[in-house]
Every structure is written in C-alpha cells, then in structure tokens.
Amino acid sequence: MSVALRELHAAFGGVLHGAMDRAVARLAPLAAAGEDALSFVAHPRYRTALAASRAGVVIAPPALVADVLGRADPPPGGWACWECPDPYLTFARLTQWWREHVQPRPRRAGVHPTAWVDSSAQVHPSASIGPHAVIEAQAVVEAQVDIGPHAVVEARARVGAGTRLGPGVVIGYDCVIGARGIVHGGTIIGADGFGFAPAPLPDGTGREWIKIEQLGAVRIGDDVEIGANCCIDRGALGDTVLEDGVKLDNLIQIGHNVHVGRHTAMAGCVGIAGSARIGAFCTLGGGAIVLGHLELADHVHISAASVVMRSILQPGQYSGIFPIDDNRAWEKNAATLRQLHALRERLKALERRTT
Amino acid sequence: MSVALRELHAAFGGVLHGAMDRAVARLAPLAAAGEDALSFVAHPRYRTALAASRAGVVIAPPALVADVLGRADPPPGGWACWECPDPYLTFARLTQWWREHVQPRPRRAGVHPTAWVDSSAQVHPSASIGPHAVIEAQAVVEAQVDIGPHAVVEARARVGAGTRLGPGVVIGYDCVIGARGIVHGGTIIGADGFGFAPAPLPDGTGREWIKIEQLGAVRIGDDVEIGANCCIDRGALGDTVLEDGVKLDNLIQIGHNVHVGRHTAMAGCVGIAGSARIGAFCTLGGGAIVLGHLELADHVHISAASVVMRSILQPGQYSGIFPIDDNRAWEKNAATLRQLHALRERLKALERRTT
Amino acid sequence: MSVALRELHAAFGGVLHGAMDRAVARLAPLAAAGEDALSFVAHPRYRTALAASRAGVVIAPPALVADVLGRADPPPGGWACWECPDPYLTFARLTQWWREHVQPRPRRAGVHPTAWVDSSAQVHPSASIGPHAVIEAQAVVEAQVDIGPHAVVEARARVGAGTRLGPGVVIGYDCVIGARGIVHGGTIIGADGFGFAPAPLPDGTGREWIKIEQLGAVRIGDDVEIGANCCIDRGALGDTVLEDGVKLDNLIQIGHNVHVGRHTAMAGCVGIAGSARIGAFCTLGGGAIVLGHLELADHVHISAASVVMRSILQPGQYSGIFPIDDNRAWEKNAATLRQLHALRERLKALERRTT
C-alpha cells in the first residue's frame, strides 16, 4: 500500500519541490529509507546523512532544501523535497496520520464477553473493554476509552474520554486519569505509597515498621502518556498529581504525594521519591533519581543517571554522573577519590608553605 | 462523615488538651489541614509550620503542647492538642483505624465467578479470590487472604492468613508468603534467577550461555510488604528469603538466593544482586545497588543511589553519590576526575620537591 | 526421590572416582550440601570450601580431584568425585536434566477453558495456552509453546516453537519471538517507544510534546531469555532487535530501535536508551545505563551501575562507579569533588611557582 505525496501534503501544508507526484510506501529514518520511503532531516548537521540517503521524499527545513534538490544522484523517479519550518514536528504529525490511515492499531470493539463489568460501573457505549478486563463498582469509563486485556479499573476510579489503557494496567480505587491519555502495559497506578512509622521492638534489638495507611489517591490530567511497568503511588493523605501533558517512559517510580508539573517528560527508569515537587516543562534523563520532599523549578533539566539531593530552584541543565573509563583507570581514580578531601588538605598545606 | 475526637482518643490514649469536643472529618498534613482536620507534628523543628497551620486538632509531643495551646489565632471552634510521646507512631496507627472505620478499602467477597481455582487447591472459606484470579494445583490460600484480580498462586505455593495480593501478582510454584503480608500489583515472586554458565561457541567467536535451572523457591516471612512491579527471584538451589517484617517499595529487584534480614526496608528501584546477604534492621535508599555475594551487617544504612561493591560489616550510614551540579561545572569536574590519580601523583611530586 | 550417580554420569560423561555407587537426592551449593547432595567446585580458589564441604558427590576440575579424594573425613558412604574439564558447565546441564527428570516445572496442557483465542489465530495443537490467556487475531503460536496465565499475544504476533511466556507477559502486535525462548512474568514486549516532538505552546510559557507514533515492532531471535517485568519497546520506524542467545535479567528497559547483538547478557535494572547499538558477547552489570544512539563494540563489558555516555569501540571492561564510603567521609570527598577543577588549577599554579 502506498500513499500519494500530494495527499500527505494536503493534510499538513508546507512547500513541495521536485518530483511532486511520488508515492510513499513507508516512513523511514534517513539512513534506511529507500526510494519508496519518506524521511526527514531536522538539522543542517545531518547534511552528510542527507547526501548519502536514498529516500524518495525528504521533509527538510528551508536551509537544506537546496541540498536535497541539488543532489548529484537522484533515484530513477527523482527526488522530492517537502520544505517545512519544523521538519521534526511535521514528521511527528505525519506518523499520527500514518497510524490512523495506513497502519491502524488493532482495536477491540465493545465489551468483550470475557470482561467483568460491575453493574454499578458506568461504561460509555463507545468505550472498548478488552478480554478479561475488570471494571469495578462505581468506576466511570468515558467515551472512546480503550481498555486493554486484563486491565483493571478499580472502584470509583475514572478514565477520561479517549484514553487508552494497555494490557494489565491498573487504575486504583478513587484514582482519576483525564482525556486522551495513554498508559502502557503493566503500569500500576494507585498502589500504596511507602509509608511506615518506626516502633521499637520489645526485645530492644531494633524497630519494626508500622504501616501508615495511604488514604489519598492519584490524579492525572489530560494528554498524559505513561510507559510500561511504571508505578504511580497513591498519596498518603492528599493526592499524587501528574498535570496535563506529562510524558513518562517505562519503569518509572513516582512516590506518594509527588506533584509533576505540566508537560514535564521523564525517560526510562527514573525514580521520584515521595512528596517531591517537579515543575512544569522539566526533563529528567533515564535513571535519574530525585530524593523526597525536594523541589525542582519549572524548566529544570536533569541529565541521565543524576541524583538530585537538594532542591533546584533555577532553570538550567544539571548533571552528576561518574565518568566511565576503562576499568584500570577507573579503579585508580576511584581509589584516589576516597582520599580527595585529604588531597585538598595537602594541597592547601603546600600552598601555605610555598607562599 | 466525621468522627468525634473523643472516640479517636478512646482508641489510642494520650492526653487531650483544649477544645476536646471537636469533630474530625479528615486526616491531613499540617500545611494542608483545615479546621475539620486532624494533623500531627513530630519534631520541634516544625514549630513554624505548626504556628501557621489551620488544623483543628494536632497530635503533638510534650515539648510542643504549649505551642499549640498558646496559639494567637485559634479557629472558631478552638484548638485541640492531643499530647503523645511519639506523635508519628500514633498518627500511623490512627491511619489504620481510619482505613478500617471511615475509608475502608473496597474488598471482593468470596471466590469470584470468573476466577479459576484448581480442584486440588485448598482455599479457606473466608478468603476472597478476585476476578480472573488463578489458583493452581495444590496451592494453599489461608484464612482472610485477599487475592486481587488476575493474581496467580502457582502450584504448591502457599499464602498465609490475612495476606493481600494486588492485581496481577504472581506467587510462583513452591513459593511461600507468611501471614498479614501485602504484595502490590504486578509483583512477580518466584521467576527464575539469572543463572547461566558460559560455553564456547564452535566457531570461536565467543561463548553462548547455558541455562542453570533454578531449582529453589522463595520464602517470605510474616508482616512483609512488597511494592508494585517488584521481582523476587527463586533460588538456584536453595531459597531466596525475606524475613519477617521486611518492607520493600516499588520496582525492586531481589536476585536469586538473596537473604534479607527482619525489619529491613528498601526504597524504590533498589537492586540486590544474587546471593547477597542483607542484615536485619537495615535501610536502603532509592536506587541503591548491592552487588552479588556481598554481606551487609545488621543496622547498616545505605544512602539512595549508592552502589555497594564490598561487604559492610559495621553498622552505620554509607554513601556514594556523585554530587549534582550545573552542567558546566559538572563537565569540568568530571573531566578532571578522569585524571585524578595523575593529579595525586603530581601533588606527591610537588610535596617531595618542596620539603 | 534420589537418582543413582551412575545414571547422571551416563548422561554427561567425565571420569568418576571414589564411591561410584552413591545416590543423589538433591543438587546443592558446596557449603549447604549434605551427604545426599551433589555439588560442584569450579576454581582452585574454592579449595577451602571444598575441604569443609559435607557433599557426597562433587563435580571438580582435574586440578582438584586429588583434593576431593584425599579428604581426611569422608561421610559414611564415602566421597565421590566427578572429574570434568568445566564443572560449572556440566553442573548447568545437570540442573536442566534435574528439572526435566526429577523436579519438572508444572505445565498446563492444551488450551485452558478460560483462555480467549481469536478464531483467526493459528495455535499449534501441541501448544499450551494458560488460564485467561489471550491470543489475538492472526497471531501465530508454534509447536510446544507454553503461554502462561494472563499472557497476551497480540494481533499478528508470532511465538516460536518451544518458547515459554510467563504470567501476564505481552507480545505486542506484529512482534516476533523465536524458538526456545523464555520470557518471565510481567514483561511487556512491544509497548510504544518514547518519542515526541516539541511544539511551542501558544501562551509562550513552554512547549508541549507531540507523539511520534511508533510504527515499527520488536524482533527477538532464538534462545533468548528475558526476565520479569522488563520492557522492550517497539521501534519508531524500523524494529527493535534482540539477536539469538541474548539473556536479560529482570526490570530491564530496552528503548525503541535498540539493537542487541547475539549472546549479550544484561543483569537486572539495566536501561538502554533508544537507538543504542550493543554488540555481540557483551555483558552489562546491574543498573548500568547506556545513553541513546551510542554504539558498543562486540565483547565490551560494562560494570554494574556504570553510565555509558560515549560509544565504546574497543573490547574490554569499563567502569564508572562512585566508591561507597562511610557517610562522613563521603560528604567531605563529595564536597571537594565539586571543586575538583579548581583544585587542579591550584595545583597547576603551584607547579608553575615551584619550578
């Protein structure tokens, strides 16, 4: 199956140059694209990749249009260049068009006969409830919602219009997710937060942990996407909150009472400890950790694998990563690092002696 | 719905001061508490927060009682102060009372019609088996157990009295969990440990991995709580063990043959590699990693994101975290860190030269 | 139940010495093995453990045979030594024999009555489909496949002969896993990769994220084992690929378009960001992170908790771990580390002054 370039162009605008009557059979990255593929180039720094590409159609920014059109070795059908001010964004929207028109995601229609829907739950007739899904008492499932196999919407929880829950997703009791959200498979929203008070053991050897019941819930805004196998804990007393437009990758831990501001994005394996407050428009790289009760201002960017141990109130990029090295070099440097303070004292002494 | 303060006080004791006939509609943190709320303050360092709070009732230690009662600006109904020697612990117990009497967790009664229970399994009549749950051959489910939707108790596994399994939890074949436990959704207990022996490939390019079948199981004591989407692997030959009172947060990895001593607690995203032996009364901060075959003594505390690379046999607090900094400063320090050993040698040379 | 040593020996070869007519009731590690147990010792460095062991049978390399046979204190039935050139490998194969003959894994036969199999799916008659499993339209399940309870094989996905999926595993639409694979419980294969293009918000406060639909799939080779609660994302345009013989532990994140070469192994909690290319025969220690778009050559070994921030094109062992220390020492060293570049400048100045 292929789509006329003119049809795609009609949907998104921009200026077409070159072989305007091409057909597009697939979307592909620049390096892998053949003559039947549409690709994109966003930055002039990919000029070399562009020169080597075999793509039949390339979405390019104005600064690169001449490069595409002037290529020495066009494919038999000729090159097409689709000039857009923001090629990456246009390409993103194009993938959505492609998903809808060419490569639709399999969708389960209606309430599957194996699903269990409590008689007091409200399920909109346009919603789809997958095999073995469970909708508990007084839960609300709005229009066009797509509930995957084995997903669970617990008592009194609410799933907003157009939201899609992957296989095995759990929306805990009293929790809410807004409209147009996506939650990928295995993610648990509304498990208990991790809260215990220590109580001395009678034998004096140590203390046991007394559970603090987690009486809050989770509130998630609109247009939020959450990856697979994440955990968003319910609040201890108040709620854990993800604002509109938040995007979380896979295997992310959000502790109880955390507040994540709108349009903040976190890459895989991030952990946010309880009661942290993350601003809007932040990004956290993969494996980053934020300790409890800290605050990150809006527009703060944390590099991958960095550990936030104090509040960060100024926008900017922050990092804390031990540089990787060959093992021998690392061993020597790590051993020295354990004496770093002493080295500093020796340097100080030396400075005093030589002045 | 609200509860008379006197009723709560009757359940837990301590000394009531001030407006003793107040009603409590909710439990809330000090900063968010209104006149209808009960809150607590544990440490004198929260004196300022206490002064600013609007809470109608505050549980406070003796040292702060005068502060509560002497507040300049009491709400219309007047303040109440509930004096307790350990306010945090009393508050924890109060949340349990609240959960039971005011805000009960939705509970599924009996064996759900969609659950699958093998005819050779023993399920106590007081146990609750959720929708689509699976209880396999010869499994044992004791009294008052609550098995969530899609949870699986595999062959010959045993779930102790009063234990609650969240949605999708798996208790693997031959594994045991004791009484009064909680396992949150998506946690897999008893998957195979990660064990392989290398075997050279015939073509000499490298080696393949030959699986070591994991013939042990997992044994979990009483009063253990395990968060969501954790993995507790079965032992290779012997068993993986979590002793009584252990508390694990979400997304924690416990490798095969690990032994965790009683009342040890681990925050989210911790990873314990195979055959490590963690003592009793330890704590591990979020994202901490313990390498395989190591030993931690009782009462060892590991800071978040720290990597334990050698056994720690003395109680205490241990840390190893690269300090976060603005990206420019980090880059310069990290680059220098890669030459740290050389710097030390230069310092040494300088010291020799100047003495 | 016990097995004659001669029967085991007949299956695997090697040279038997000592009490050759012993029976073996269990496999056990050297330290825990009693007279009825078979154990192994792989390296001469375990000579002391060997001397103290009570095992009735020990698989040992030639260099240690004399040590076993010459033991001063044999059990009543006498020692047996099973001489093999690679005891660890023989032991691994022995665990497989033991699993098959003595301690078989519970297996569910046929299609469980509660499973849901779409009428257009192809399920081989020898395959086993567990309780509440879901096989969607046009999926293919080959011979001897074992699909656990609540596992889902989505539309058009394919599961190769002899592969076993644990409880709740998801093989996403269009994804493929080869023959003889094992995927442990809760692992999600084929969730969307994490791809978004930024688009400025009209109010000028920041940007929102526009989803890039993930149009690729996941292709997994033969003999691949994947632990519990992992995430292997589908590619954005092309596919995410795990080659033959790859072994992944639990809670591992593999981003979209990652390519993992054959026989590479990763320990728990590893995260590989999108489009990284990991070579063959690599190992990654627990919690290691590889940033996006990087390349690791074949035979590269990354230590636990290390962060790969640049491509590594030479085989070898690489590390980057902040050394753990008692908290006081760490605090002083970490504080100094934040001035490390300045210290280097001071040292340089001093060197200039003193020469």
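Worth a mention:
First chain written, first letter: the chains are A, B and C, and each begins at residue 1.
Quick note on the criterion: a contact is a pair of C-beta atoms (placed from the backbone, for glycine too) under 8 Å apart; a residue touches a chain by one contact, two chains touch by 3 or more.
In this text the structure is predicted, and so the values were computed from the model without any measurement.
Its C-alpha atoms fitted onto chain C, chain A is found rotated by 120°, rounded in steps of 5.
For the touching copies chain A and chain B, the fraction of interface residue numbers used by both falls below half; the interface is of the different-residue type. Rounded to a whole number, the gap between the C-alpha centres of chain A and chain B is 25 angstrom. Shared interface positions of chain A, defined as residues touching 2 or more other chains, are 114, 132, 150, 168, 186, 229, 251, 269, 287, 321-323, 325, 335, 337, 339-340, 343, 347, 350, 354. Across the complex, chain C is touched by residues 114, 116, 132, 134, 136-137, 150, 152, 154-156, 168, 170, 173, 186, 188, 191-192, 194-199, 201, 205-215, 229-231, 233, 236-238, 251, 253, 255, 269, 271, 273, 287, 289, 291, 302-303, 306-310, 312, 316-323, 325, 329, 332-333, 335-337, 339-340, 343, 346-347, 350, 353-354 of chain B. Here chain A touches chain C in the complex through residues 26-29, 32, 86, 88-89, 91-93, 95-96, 98-99, 103, 105-106, 112, 114, 130-132, 149-150, 166-168, 182, 184-186, 223, 225, 227-229, 245, 247, 249-251, 263, 265, 267-269, 280-281, 285-287, 298-299, 304-305, 321-327, 330-331, 334-335, 337-341, 343-344, 347, 350-351, 354, going by the rule given at the top.
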